[in-house]
Structures are given as C-alpha cells and as structure tokens.
Amino acid sequence: MPIFWLILIVLAIAAAGFLVGRHRALQSAGGDSRGLHSLPGYYGWNVALKAIVPAFGLLVVWLLVQPLYVSNTVSNMIPDSAIPEGSSMGLVMAEVRRTAAGMDNAVSAGLMTEDFARNARADFADVTTRLQEAGQIVTSRITQPVLRAAQEYRVLNSTGYLIMSIAVIVLAVLGALYGLRESRAAFRARNVVEQGVRALLIAAASIAVLTTVGIVLSLVFNTIEFFRLYPASEFFFGLNWAPSFSGRGGASDLGIVPLLWGTFYISIVALLVAVPIGLFAAIYLSEYARPGLRAVAKPLIEVLAGIPTIVYGLFALLTVGPLLMEVFGDEGLGWMQSGTSVMTAGLVMGIMLIPFVSSLSDDIINAVPQAMRDGSYGLGATQSETIRQVVLPAALPGIVGAILLAASRAIGETMIVVLGAGAAARLDLNPFEAMTTVTAKIVSQLTGDADFASPEALVAFALGMTLFILTLGLNVFALYIVRKYREQYE
Amino acid sequence: MKVDQKEIKFDCRDCQVYYGDTHAIKDVNVQIEDKTVTAFIGPSGCGKSTFLRCLNRMNDTIDVARVEGDFMLDGEDIYDKNVDPVQLRAKVGMVFQKPNPFPKSIYDNIAYGPRIHGLAKNKAELDEIVEKSLRRGAIWDEVKDRLHAPGTGLSGGQQQRLCIARAVATEPEVLLMDEPCSALDPIATGQVEELIDELRENYSVVIVTHSMQQAARVSQKTAFFHLGNLVEYGETGQIFTNPVDPRTESYITGRIG
Amino acid sequence: MTDASMNSAAPESRSGSLAQIDKRTKRRNAAEKRFRAYGLGAILIGLFFLAVLFVSIIRSGVPAFTKAVVDIEFVLTEAQFEEAEGQLFKTRAYSDLFIAELQERLTARGIAAEFDEAAIERLLGKVGGTIRSYYQANPDQLGEEVSFQLAASSRVDGYFKGRVTRDTLVDSRFLQVSDLDLVDALEEAGIIKQAFNWNFITGADSGVDNPGGAGIGASVVGSFFMMLVVLFLSLPIGVAASIYLEEFAPQNKFTDLIEVNISNLAAVPSIVFGILGLAVFIQFMHLPQSAPLVGGLVLTLMTLPTIIISTRASLKSVPPSIRDAALGVGASKMQAVFHHVLPLAMPGILTGTIIGLAQALGETAPLLLIGMVGFVARGYPDGFLAGFTEPNSAMPAQIYTWAARADVSFYEKAWGGIIILLAFLLTMNIIAIILRRRFERRW
Amino acid sequence: ARDNVQIAGSSTVLPYASIVAELFGDNTDFPTPVVESGGSSAGLKRFCEGVGENTIDVANASRAIREKEIKACAENGVTDIIEVRIGYDGIVFASQQSGPAFTAFEPADIYNAIGAKVLKDGELVENTYESWTEFNGELPDAPIAMFIPGTKHGTREVFEDKVLLAGCESTGAMEAMMEGGMDEDAAEDACLDVRQDGKSVDIDGDYTETLSRIDTNPNGVGVFGLAFYENNLDKLKVATMSGISPSTETISTGEYPVSRPLFFYVKKAHIGVIPGLKEYAQFFVADEIAGSSGPLSNYGLVADPELAATQEMIANEVTMGENM
Amino acid sequence: MKVDQKEIKFDCRDCQVYYGDTHAIKDVNVQIEDKTVTAFIGPSGCGKSTFLRCLNRMNDTIDVARVEGDFMLDGEDIYDKNVDPVQLRAKVGMVFQKPNPFPKSIYDNIAYGPRIHGLAKNKAELDEIVEKSLRRGAIWDEVKDRLHAPGTGLSGGQQQRLCIARAVATEPEVLLMDEPCSALDPIATGQVEELIDELRENYSVVIVTHSMQQAARVSQKTAFFHLGNLVEYGETGQIFTNPVDPRTESYITGRIG
C-alpha cells in the first residue's frame, strides 16, 4: 500500500506544518496571540491546507493519468497479432495486469527474485509455472508479448509511482513552506481557511447537481432509443398500459397515464395516513409527552422507517389486504375485488412514512422558542390552540420539508406497491381497485426477461426520465409556493 | 394615596418558588387589591418576574420551577387542581419582560386573543377590537398602514407596545406587566401609563418597574423585593417617603434615574 | 360584544368562579382533550403497527435460529479421502461416504425403524461441503474418529419445528411419511436433535437446495461496510451541503437549482440510483462489481437528500438572535454556524441521519443493478480494506433472495434475517439517539 | 484484478446457478462465483456491455438470446458467445391443496377463463364467465381467479404460446377472429389479450408471491415453475394439462406441453482471462450436476437429453454461429 | 461639555437604510468622535437601532435590509468589499436591544469572544477575563456561584448585564449599546454608566437610550432621531438646554421620566 503510506506522509507534513505554522505566527506576534489577525490555529490550518490540497490534487491527477499513460505505452508493445481472435486489447491488458500483479506478489512472497521478475529474457513457461506455484491465479499460459508487457508494466509503474511519491512529497513540503512564509501576524489566515471551508461546502452542495447530471446521462440515451422505437405521443397520452412479452413485437401499449394516476393516487392515500398520524405524533411527543415517554416512543417509531420494505409488502399482502377484503370485499360492502388495491398499498406505505413526518417535525417543533408559547399561554390560550396557531405556523417551513420528504419516498417506493397494490395498470377512481405506480413498473420492466433492446425493456428508462422531470416540476412549484408563503411570516 | 377599603383581588400566603435548588422566592405574603395599580420594585434578579409569573401560573411551563404556598384569586386557590390554568390566564393577562410577538402579522398578533376567546362575532368587530387595542397600546399610528406586515419586523419599542396591546385585547381582569415601558421613549411611556390609569378603573394592574418615578406616578401600592424576600409592602406614598425597612430606604435613596 | 360592553365592567362571560368552568372554556378544554387524544392516539397507532410488525417478524423469524442436526462420529480413511478428491463432484462423494457410514452405525445400533440408504439421504442436508472443508483444513484427522454435527434436511427441520406434520406431508423425493418413523427413532436415540443455529448468524448464503447451510453473517459484514461508507460520506457531505445552502448561499438561480435538485433527488426511485451506480461507478470508474464500496456509494447518493432536507429544516429553526449574538462579538459567519447554530440543529440532523441510514440499510432495489443481489456467498472478506471491495451481499438483499426461494425454510430464514437486520438497525440507532438526547434543549 | 466468475441474469435460472456456484466453490479451488439476479434482460444487457474485467462473464437467461441482442453485443465487441442450454423448466398450473378440485385443464379451459374475447354460442363476445363450470362442466363451480406471470416474466411467453394461443385455436376463437376480418398476426395478438376485470391477475413478483395469493384465495389457480411446485407439494395440488401430469419425465420426453429451455451464455473472450470461467461452465453441465440424477434435476430442473453435445461444445469452446 | 478637538471615529455620510420598501433611515450625516460617549435618542421606531446596526454591519444579516451611503471608520469605508465584516465587528462591539445570551453556560457566554479572538493564552487568563468582564458588567456577585449554569436561566436584567459583559470581554474599540439599561434597576444602571464612563477613556461608545437623564449623565454628544431623520446632533449640554430644532425641543420638553 504505497499510496496509503504516501497519504500518511503528506498528512504528517501537514500536521507538522500545522504546528510550525501556528508557532511561527505566534512568534511573529511576539508570542501573544492578541497581536494576530486570527487565532493561531487558523495559521496552522492554513499551512496544513496548503500542504494537503495541492499534494492530494496532484496525487489524484497522477493516479488518473499514470494508468492511462502506462497502458498506452504498454499496449503499444503488444503486436496486434498477439491479440487472440475475439479477444480485445482490453482483455490482453487485463492479463498483463494480472501477470504483473502476480509477479509482484511472488516477489514479495520471496518466490521470485526481483531480478528474475525484471529479466526480460526470462523463459515465460517458467514464469507461468513459478507463478502458479506461488499460488497466483494465472489463467492459461503466459505468452511472450504478455510477459514482456507485464515486465514493462511493472517497471513503468514502479518508476511512475516513485516519481509520483517524490513529486507529491515535494509539493506538500513546498506548499507547507509557502504557507509558513505567510504565517505572519497580519496575514488573514482565518479568511483564507474559511474560504477553503466554504469551497468544501459548495463542493458538497454541488454533489447533488452532479448526481442529477449523472442520473440524466444514465437515462437519456436509452430514453432516446425508446422514443425511436415507440411513438412519444402514445407514451405520454396513451391511456392503456399493456406491454406484451417481447419477441412478438408491436403489440404493446405503453401509455404512462395509468401509471401516473396510480402513483398519484397511492401517494395521496399514503400521505393521508402518514401526515395526520405523523404530525399528531410529533406534536404529542414534543409538547405533551413526558421526557421518559418521548425518549422511548420516538426511537421506536423511527424503527418503522427501517423495517425493510419487503416486510411491509408482505404485511400488505398477507394481513392488510385480507382484512380490507373482509370489510369492503364481496362479503362486506362489495367495493373490493381482491386484497391488492390502492387502499392496501396506501395504508401500509402510510405506516412506513409515519416516522418521516413525526421525527423530523418533532425536532423542528421542539426548536420553536419557548417565548412563543409563553406569549400565547399568557393570553389564555389552551395548549392546543397555542400549538395550532403559534407553534405550528412557526415550524411550518420545516414541517413542509418533512412532508415533502415523505411524499418523495411514497413516489419512489416499489416493494409495497408490487405486493400491496398489484401489478395491473388501471385508470380508475375506486381506491379499492388494484393499480400500480411508475416506480414499480420501472423496476419490473428493468428486471424482466424481455429483450433488452426492445421498447418493453427500454420503457423503464423513459419512465424514469419522465418521473424525474415531473417531480422536478413539482419541486419547482413547491419551492415557489413555500417562498411565497414564507414571505408572510418571519 | 387612595382609601383602603378596596377588595382584595389576590391573596398570596407563604409563597415559595424554587428553580431546581435555587430558592428564588422566599416566604412572600402579599395582598393585591382590586382596581388598584400595584408596583413591584427591587434590584435586578430579586424575583419580581418570578413572583409575577406565579400569579397566572406561567411558571407551570418552566420544568425546573416549583411553586409552593397559597395564591388566592377572589378567594379561590389558583393552584387548586380544579382550576383550569387556561381560564385563569384569560382572567389574568400578562405582558412579558422580553417582547415576544408571534411570527404573524401585526393584525393577527392582536386578533389572536379575541379569536380564541370568541370576543368578536364577526370580522368587523374584530377589526374594531384590533384598532382599539392598538390605540390603547399607543402604537396605532405607527402601524395602521402595515397591519399585515409581520410583528417581528417592528422596532424594539414597537414590539413592546404590540405586546401590551395584545394583552389588553383580551380584556383581562388582572393585568400583569413586566417592565412594560423599558424600551419606550418618554412620550410612549406616558401613553402607556395613561392606559394603566384607565385600566385601574375596572381592573387590577400589577406592574414591575425599575423606574421609581414610574412606580410613584402610576401605582397606589408598592412592594419592594430583595433577594427573593418581600421586604416591604404598602401605600406607594408611604414607601417612597417613609420606608420602614432600612433596605427599602437604601434602595430608594440610592436612586439615580 | 359591543364597544360599550368592553368599556364597562368586565365581560360577564369571564367573571365568576375559577373552579366553575364556563361553557366556552369547557368547549375549548374539550377541544384540548381531543387534540391531546389525537396526539396520543397517533403515537399509539404508530406503536401498535410497530408491535404488530414486530410480533409477526419475531413469530416467523425465531425458528430460523434453531435447526435440526445429526450428531455422529465418523472416520474417514486416507484412501477414501484420495478417492473422493479424485472425482469431479467431490462433495457428493463425501456425503455418500457419510451416508454409508451412518447407515452402518444405525444398523449396528439396531434402530427400530425400517430404512434404507435413500431414506438417510433424504434426512440429511447437503453435508458434503462441510465434511470436505473440514478434512481439507485438518488433514491430520484422516483416519481418526471425528464427531460431526451436520444439518438435517429442511423437511426434517420443519418436522421438528412443526412446519411439517405427518398429516400435511406429501410423499416426495424430498421426504416421505415413512421416513418420519426413522426420524422419531433417531431422535429417541439422540442422534437427531434441535440445536442453536450458529451457522445462521455467522455463515454465508448457500444454494437453494441447501437451506441448512444458509447464514446471514457474511451479508451482515457486507451491510456493515456499506453503512460505513454511507455514514462517513453522507453525513459530512449532507451537513456541509445544507450549511452552505441554508447559511451561506446567496439567493440566486444556481442555489435555487441546487435546492430543487436536492428535493427532486429524494423522489427519484431508488433503482434509478442503481442504474446510475452501474453506469458511473462500475462501467466508467471501473470499481469492482458486487462490492460494498459501490453499494455504499450508491446508497450515499440515495440518502443525501434525506439528510440534507432534515438538516436544512433544523438549521432553519434556530432563531436568528443566536446568530446575531455570535456575530455581534466578532465571530465570523462560519464560526457562528459551527459554534452555535450547528450544535442547536444537531437533534434534527441526527434524526435525518437515523432515518436516512435506516432507509439505506433496508434498501434492495439499487443493489440489484450493481450486483449485490442474487447468490453472493464469498464468506468473510480477508482484511478490513478488502471488506470494501470484495464481492459481498447485504442483509436486505439476502432477505429478498431468500424470500423468493421455493423451500419454505428459506422463507423462515428471511424473517430471521429481518430480526438480525432490525437488531443491527437498533444498535446503529442507539448511538445516534443517545447523541441526540444530549443535544436537545429548548430556549 | 477480479478472481471470481461474475454472472448475472434471469431469476428463473438463479436457483440452479446458485446450486452450481455453491458446489463449484466447494469442489474446486476457485472462489465461489457471484451470481446476480435481475432478469434476463438486465443480465444480457450487461453481458453485451463490452469485454473486460468490469463486465460480467456469464449471462443467465430464461429464453434464447435474440438477434437484436446479438447485434447489440457485437457493436460493443462481444462477438464470441457460447450458448449453453442447461435444461428445461416445466410450467404447471396448481391450486390450494384444500381448494376446489382443479385437477385437469386443457388449454381451452384456461383461454375461456381469462381470454379477453371468447367464443360463446358461436359468437365472439367479451369474456364474462364468472365460474369455471360455465364453459366446462367437469371443472368445479368456483369463481375464476387466475394468477399468471406478469409481462416482465419470460414464463409469460411460454404461457401465451403454449396455453393461450393453443386454447384460442382449439376453442375456435381464433378462427372467429380471422373471420371477423383480422389477419393472422392480429388474431394471434388478440388471442393473447387477457381480460382486465380482475379475474386474471398479473404477478410481477416471484412464485412466492403467487403462492401467498393462492394461500389467501382458496379458488385461485396459479402458474408455477415445476421446481417451485415440487418444493411445495404440501400446499399445492397440480392440475394436468391436456391429460398429462407434469413431472421431469413427462417434460423431458416432451409429453407435457408447457415447458421452456433455460440457457446461459459465456463470453469466450473471458475464457483464459477470468480464472475458473471455463471450469465453471464445464462443471455446470457435467453429468454429475446437470444430469438426470444430479442435484439440479433433484431440485426440479428437467435435464436436457442432449447434454453430451453441450459438454463437448464447451470443451471445444464452440461459439454461436460456428457450430451446427 | 468637553473640548471639541477629538478625533473622528465614525464619519457617516448620506446614509440610507431601507427595509424592503420602508425607508427607515433617511440622509443621515453624523460624525462620531473617539473617546466620547454619543447618545442616540428619539421616539420609539425612529431608526436608532437600525442606524446603530449599520455601524458594525449587523444589518447584513437581515435579508430585506439595504444600506446606502458612506460609513467611514478611521477613514476606511466599512462597506467596502475589501473590509472583512468579522474584523469590523471585533473592533465594533454590540449590545443588542433584546438580551440574547447563548444557550450555553454563563462562563462560556463570556469566554466565547475571547476564545475566538485568542485573547487568552491559557485557562487562567481566560478565567481572569471572564471574571473581569462580569465585574464590569456588574453581575459578578450574582453569578459567581453558578458560572456553569445556563445563561438563559437568568432574569431579564441579569441577561442584559451578561450581554454587556460579553461585549466588553472582547475589548472592542467602539462599543454600540442598544438600550443597555432598559431592564436594570437604578443601582445596576449606575454601575453600567460607570463602566461606560470608564470605557470612554480609551474607546468610543455609542448608546441608545430612552432616558433623557441617562443621556445627559453619560454622553458628551447627543443625536436626536425622528422618523428616520437625524434632526439634530451636537454637544449633549447644548441639545438638552438649547435645542435648535423645534422637534428636538418638543421631544425634550415632553419629557416625563
């Protein structure tokens, strides 16, 4: 693990830089921290950052570039004739890498001398057996070009790593020295360090954007492919979802509308269960419950969020469905055909979502300053009036966030829908009918047995993309509403 | 200053308040009269706010606070378990030391109390109550154009008057005011003092103040607290001109502002 | 109420005894009681469902922790060993040897029931692997008498647990009603008995025809490494992103974009993260397939929105006066946030973390695409770092595959796995919950 | 560098692959292969992603690879593919042990029960049958409730081809459709339409899901794999199809009509690069394993009578297109 | 009262502050001298706090607030983008109108500033600073036994003095105090006024007050604000005895307290 050691060395340089920088800064102020612009620690951090950031940057770049360079050089050594029919340069290179790694291991195990490993004239049959004896997994016989390439590969890599190590360490030292030079009393170390932290914060926030870009990129090509095979208008406006198993071609109806309707319907039912229960639970926990009860009940309810969804799915299928059937089924009110329905899935999903609403809201309600409550009690309000009219409005932005989170989860849930709501896509108003959601269909089409180049399989990507864009639109709308609402308060 | 045959509104006996281990109020006995302004004075941290908060059971909301003793309002013990603190607080209103407007509009801040007590039959009546209360709180002119702006966006003194107006809006029988004029300029202070004087005609008012002049101006009775003890209680005139206890005297004479 | 009545004496509605509660107050108190009852009811509903789920999980899962075993001494000679090793299907050879040995011993003991080799074979699970790996590890034991405790077949196991009874058993090549006499006789002889199933807790997955050998241990390790990745990436990144968005970000199009993006990511179906992970981490970055590292990265991306949304909500709820106070004594914005705001927001952050991690721990769909669902029975990784990169499964994936297998005893194992998963979850949560309680305060 | 064989694909093949993978790990010095589930489509897709360590070596499929897929593979450089047929999967119709006596079905019964349009009194009408006796007096008088594989499943194709289509033809519905002006393709498509009123329920999950549905519905008839049924004899009772009761024997002889072959595909380029790949393939189809007395057959796979040819093909690394 | 050759500390020109659409500070020009106590007086809501908050850029934290004009501290524009507001605030300390202790212990409340500015080399020095600051804030005696109790559990006046002590602990060059004595009794007020007097020897102090007497007692310069305008600014003596503007006069003479 030479890289591991390299990282340790750089960190050590940074640590030393931290101490020295701190000390130097203090010294430049005559040993009195009051003469410094910033706290001594910031000078230390400044030095440490200057040692670490460029050095690690170089390390990362080097680690990305060197393999490319080495593979390129080495693969140039392999004549085209050495690539077996049907194989590829990439595979031969994998073989090269494996041989090189095998030799590394054999050398470190003492079964092969370094000289032997480097010796370009080594007999390759011998190398193969030796490696096999050393317990290395060697596939077939190592061929001459592969052995040569592996040797070159080892040499290039080890010199590369050597140069890299030196360069990284030098850079770290230089950075530290530069940082040290700056460590004077007047230097605005805190601002510099804070700029650095801020850059980190921005980088963290940007990961969300990168993820989005990644998702779009990983969906978009297949989506385009799908629309090449299937007319977009039928996808977006088709009222029927009936993929036929592919291979017979052309007969599938892939209209998204029933799926969207199912998604919407099931999510609404789930939220109708989760939001009132969750909100009331949060209110009770934060305002009424004795600390003992709260300490127990809150984590327990949070467990609901951690039960694997397959359990909920089975719960829906085996317990809730039959229960609903008894009441609403043929023997009861006669509204329900079978145990799987929007209601079943929605109810069970709602249970799963309770902690999303309750725990977060509880924390936020708890953070409303007591002075707000006092103001209301002082006017003769009851506790519930206070909660409803003062505390909840004050906590509203956070609660809205919690509910949005729950809604998002409802849209993204699969297992409960598959087992609880059935697999049938239907446009119906009756909540006791089986329906299904976009997400469930994404999963089933993606994990199905259909031809992967057929519209029936590719539709999963188009569904994912559409859902993504729709929820994006909903979120823009929600943001707009929240903004507008927030202006009234605060 | 006034004759003494007033009814007793609050009769407090052997009152003790503890914050955890700190004994904040010690053996306080005091009788607060109806239709009278009673001033609580005393050095900072002596327990004035604490005692005031006992009178409408606001200390219930502080976990560590423990209250002992008898607090009789019109002959009924307000700490009795049959007593509904909500009803009590509707009767005994409070203005807090730190202004605490709700994060709502100015209008809703005032309308909140009347709404929950059902004091207005319709919107017009409510508007009327709001305007009247804001006028009584001497803040109407400053906010009449922005009744729907948030109450938290007001200046310190405006917030304080907003809170006074809010307390008055529910027409309590007893009004407890914890330093209601601390952030007010003299003119506004004068207006609030006028309000207090007006309230006295029907109600009982208890006011905590650090201004001896204010106490002298508005109150008929004065209580002097020191380190959790009620040192002296009596006619305001007598307390200021002829205190019995040496501690009272030294506090009064040490007067500067 | 008119203006006049407000000026005149106190409104009648509120004069009168305190103990005598007036109508309106009664109504309001009733509303209060109702409200409170709703709250309590909500909690009870939550706890009730939890209890129902727990009871059903435990009832179905507890049997997974015991199994029927066959206890027997066994001698394997060098010659037999050599011969078995020479075959392609070595484990079969071992189990044949074992069956023959067992039959001999039983006959010698004079067991009262009628049986033949096929019957013994039906009683035993897949024992060859266990025997072979034992002798491979201990070649010096060849020729010695070794006492083995080997899993019985899943039907016999079911017979012990009451899942299979003489009435419901249908003759099949897996077990026949007549075999049960033999089982009873063996039980009397102390050869077959119920034992605690350590292998279930420590072992790795097994083939669908070998329920006796299946264990969840390896996938617990897989989940552990995944959770390490998730915790150490999503918590800092999530908190950092929220701090930036809530405290530093200027209000502009770019930050709006980030904000909308984050809430949108929360609604992205988890399997789409799997698609992303496959494309980015495996196909583009060439990270290993079926590795907890990749699983962790995918789950990190999936949990980030949860943590960010909850962190932002709780940062938002810290009153601005605290920030003012810090800035007023000359703290920088950064210091104000890290010294004062963040600690106050900690409970919410931890809640988000608890919920996010719980979700990540129970998630299967994204793992489907990066190769952690199916049959991953590599056992324990060699070493800590290898734990991130060696193929492994994860608990929910294991549970998911078990639940789909035909043999009912896998179904039972799936529930047993859920018990372990919940135990894992609770241990994970307890730390966060203790921390959260320390940070909770009101001001 | 990767030291294990990486396999992905059909969840129907997964059980067999898991048996073999475990045995392969137990019986050889190679590490246990990793078998991912995720469907034939996803498996083949990853298989065709390219050649190299970060792609899989073997794709399991519950159907033969299709032309379009082979083309997509070739575009990514995956040209040499070895196709291995491991055996047959029988598809059976079963119902609750204690439910009504569903003991014998004809394709026509199934078609009448769940086809979208049926022939009633010589006329093609919307299917409104409520009970099985309405069209076949020998069947029990029980409400129709069928649980059939969802359209994501490969089994659906066999079900459609061998049961629905056959039933459509034999009831004469297909003929009626063609008389009504449809061409043959359209009529075939129409034959495969399933009624949407809840009498027929698509199952997108596994057979365990079908089983739990049957468990909660005594009148339910479900479609299962033979292996799954044999593992659950105590809960399920099977019905004959066209008079033949399903078993490994009747299926291997082709008497029982509803079955399909299972495959896996090996990337030839990886042989010799990924340790154990060829050994795994050979081990899989060895007589001891995939033969009629091996563990796969014991679990319910119908052994392929032409196993020897397959073994030879693997030994010689014969790719698709090269042979036969 | 004092001679006029003092250095100018703050030179503010054409200052405007808007809260959204409200114009809260209009065309204010004022020069605040070094080693001087400047009092801001004026009716509630006239913009005193707003202007004070401009002087150490605390308005930056209010989204809707917009500040225009030049604010020169020692000749440097504090709104220049090269200026680090943090450094500015370390130099220009502030006591807020509403006491806002951190939800931490009393000790940590005071020690926070010195810690982040590195004013103490070790624990002993920090202890010393804390004690000294609390003494200067006239609260040491009351809290010395409970330095590790939370600062939020203090009485209103105690919290106010805690905040004064906290501001003093970082030794700012300019101290902005927004009604620092509003919740204090006369004796504590006197002590704080003494502190202000003491600070004046080295630093510049700006104090907002509603008490004309207090302004007269502690300040050398007085600025009178009215409806966002700076109506009059001059020597305290002159303002109180001989105001130029009729509005000032009517405000002063309307004095009650």
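Each chain carries a letter (A, B, C, D and E) given by its place in the written order, and its residues are counted from 1.
Here is the rule we use: a residue touches a chain if its C-beta (ideal position, glycine included) is under 8 Å from a C-beta of that chain, and two chains touch if they have at least 3 such contacts.
Predicted model only: the values in this text are computed from it and were never measured.
Asker: Which chains make contact with chain A and with chain B at once?
Answerer: C, E
Asker: For this structure, I'd like the pair of chains sharing the most C-beta contacts.
Answerer: A-C
Asker: If you average all the Cα positions, which chain's own average lands nearest?
Answerer: The most central chain here turns out to be A.
Asker: Between chain C and chain D, what is the gap in Å from one C-alpha centre to the other?
Answerer: So the centre of chain C lies 31 Å away from the centre of chain D.
Asker: Just the number, please: Cα centre separation of chain A and chain C in whole Å.
Answerer: Chain centroid spacing, chain A to chain C, equals 19 Å.
Asker: Calculate how many whole Å lie between the centre of chain D and the centre of chain E, each centre taken as the average of the chain's C-alpha atoms.
Answerer: Averaging C-alpha atoms per chain gives centres 82 Å apart.
Asker: What's the distance between the Cα centroids of chain C and chain E, rounded to whole Å?
Answerer: 58
Asker: Out of chain C, which residues touch more than one other chain, so two or more?
Answerer: Correct list: 28-29, 32, 278, 332, 344, 368-369, 403, 443.
Asker: Please output the residue numbers of chain A that touch at least 2 other chains, ranges allowed.
Answerer: In chain A, the residues touching two or more other chains are 190, 314, 370, 382, 385, 446-447.
Asker: Could you check chain B for residues that touch two or more other chains and list them?
Answerer: Answer for chain B, listing residues that touch two or more other chains: 86-88, 90-91, 98, 116-117.
Asker: Which chains are in touch, pair by pair?
Answerer: Pairs satisfying the touch definition: A-B, A-C, A-D, A-E, B-C, B-E, C-D, C-E.
Asker: Inside the complex, what are the residues of chain B that reach chain E?
Answerer: Residues of chain B touching chain E: 19, 41-45, 49-50, 64, 97-99, 142, 153-158, 160-161, 178-179, 182-190, 210-214, 251, 254-257.
Asker: Which of the residues in chain A come into contact with chain D in the complex?
Answerer: Touch residues, chain A against chain D: 85-88, 90-91, 94-95, 97-98, 101, 137-140, 242-245, 247-248, 251, 314, 317-318, 321-322, 337-340, 418-419, 422-424, 426, 433-434, 440, 444-454, 456-457.
Asker: Mind listing the chain C positions that touch chain B in their complex?
Answerer: 1, 3, 6, 8-11, 14-15, 17-19, 21-22, 24-25, 28-29, 32
Asker: Once bound in the complex, which stretches of chain E touch chain A?
Answerer: 84, 86-87, 116-119, 121
Asker: Where on chain E is chain C touching in the complex?
Answerer: 56, 58, 61, 63, 86-87, 89-91, 93-96, 98, 100-103, 112-113, 116-117, 152, 163, 166-167, 169-170, 172
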